[in-house]
């Protein structure tokens, strides 16, 4: 159904893997759907795996911020991992890279939930 | 130099392998250059391997006819092999498929020079 | 506009053969939007390449300051493609038949024949400034008969 | 026209987000012609996607009968891209700063900022029919500094 997002579990952590273009009118909405779905299913520790994202635009960035806020409101933590350099650059220039909890790899992202 | 054509030998037969688009302004001219070059180097038995051709247009077809005529004038024989279905269709609708000596594979094309 | 038409797409291009590749990319986009399969796309693409090549070569005589217009349009099962140039026009009735025995070994003269073969309806007219306007239609319901043969 | 300009390329498109993909394909074509590397193409593409998305969304308000114009032009080391819409226009001075603390967690408002960040010169004007005309330039000599940072 959702060709831009798939979900897997690591213990009580839910990993949402994004793929392709997280851009206006398609990938941005699919990302929101996927993250809202896991939140509604009760996920409280969420890692968004960005390794497969080729492009993100301001709509995708906006949805990412929205998902982060929704997660916080629901008492969940949403973190990001495996950001390709270009995606990281896009978040950096709008000073969002410090808002999100960003990890270079899965081990560090998972470990961060233990502490 | 010539990214649309390369040449190999089978005994006294010269095989010109065409690749990609044999279309106006690029591939068509490169094909002519390649075939004229082998003719000038004395090739008299020529097989044009079309297996790698993705698209041919009327300019490519025209150059192919021109190369055939030039070959004949020089006392050389130019044959075609391994035509993808779409290339064969393009030659068929303009009734050129019967003008050229066309072979389904290399063995038959090579054997045709022996008889 | 109906649900099956994504609306027209218009390109204005300098008269360069390399721009044929952009026209091909635009066709690929239109084919995705209109759910036209790869087989049919191939034959439409062949006609389109010929039409744009003629506009660049015979119409605009490779003058890079002259433009070629390409418009994709049509609703439902009709795909309409219009190709316009800023040349002097020509009489399509006077184009010789490439199947005639005396033309068989000519190195040119097959482009319009390919256009007519691979499209379902083809007409030439004069644009406001005298250039050629070629309008060609493809009936998208005829899938599996993409080459436009009658049976 | 100089040897380093392949001439303008103009597209007129229906107001649909999916047409952003065609604009991206046209940019890829222009980048091949102008020998713009993949890194720089990526950042120009980001700005272009934002500009077309704004024209479709805010300008034409997704009305598929309204058109978006995209023009690629410029000579030498200047790549000029113009994006026009048929909307009501807006005052770019009144767009809020997405870096302001109170805007940081907003879900929108970053598009124009990205455009200004990734292009070298950006200006907005009103078209004849009142819509927005966004003209953006990229200095192609600044390769390796593709994000448009000042140092």
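For clarity, chains are labelled A, B, C and D in written order, and residue numbers in each chain start from 1.
Just so we're on the same page, contacts are C-beta pairs under 8 Å (C-beta built on N, C-alpha and C of every residue); 3 or more make two chains touch, one makes a residue touch a chain.
Being a predicted model, the structure only gives us computed values, none of them experimental.
*Asks:* Using the contact definition stated above, find the chains touching both chain B and chain D.
*Replies:* Touching chain B as well as chain D, we find C.
*Asks:* Which chain's mean C-alpha position is the greatest distance from chain D's?
*Replies:* Of all the other chains, the one whose centre lies farthest from chain D is B.
*Asks:* Rounded to the nearest whole Å, what is the centre-to-centre distance of chain A and chain D, using the mean of the C-alpha atoms as each centre?
*Replies:* From the centre of chain A to the centre of chain D is 27 Å.
*Asks:* Using the average of all C-alpha atoms in each chain as its centre, how far is it in Å between chain A and chain C?
*Replies:* 45
*Asks:* Let me have the rounded angstrom distance from the C-alpha centre of chain A over to the C-alpha centre of chain B, please.
*Replies:* Here chain A and chain B have centroids separated by 54 Å.
*Asks:* Multi-chain contacts only, two chains or more: what residues does chain D have there?
*Replies:* Correct list: 18.
*Asks:* With touch defined as at the top, which chains are paired up in contact here?
*Replies:* Contact pairs between chains: A-D, B-C, C-D.
*Asks:* Enumerate the contact residues on chain D facing chain C in the complex.
*Replies:* Interface residues on chain D, with respect to chain C: 1, 6-16, 18-19, 21-22, 25-26, 28-29, 33, 64-65.
*Asks:* Going by the contact rule set out above, which residues of chain C touch chain B in the complex?
*Replies:* Where chain C meets chain B, its residues are 17-18, 20, 42, 45-46, 49-50, 53, 57, 98-99, 104-111, 113-114, 117, 147.
*Asks:* Which residues of chain B touch chain C once you look at their complex with the stated criterion?
*Replies:* So the residues of chain B touching chain C come out as 23-26, 55, 57-59, 61-63, 65-66, 68-69, 86, 89-90, 93-96, 99.
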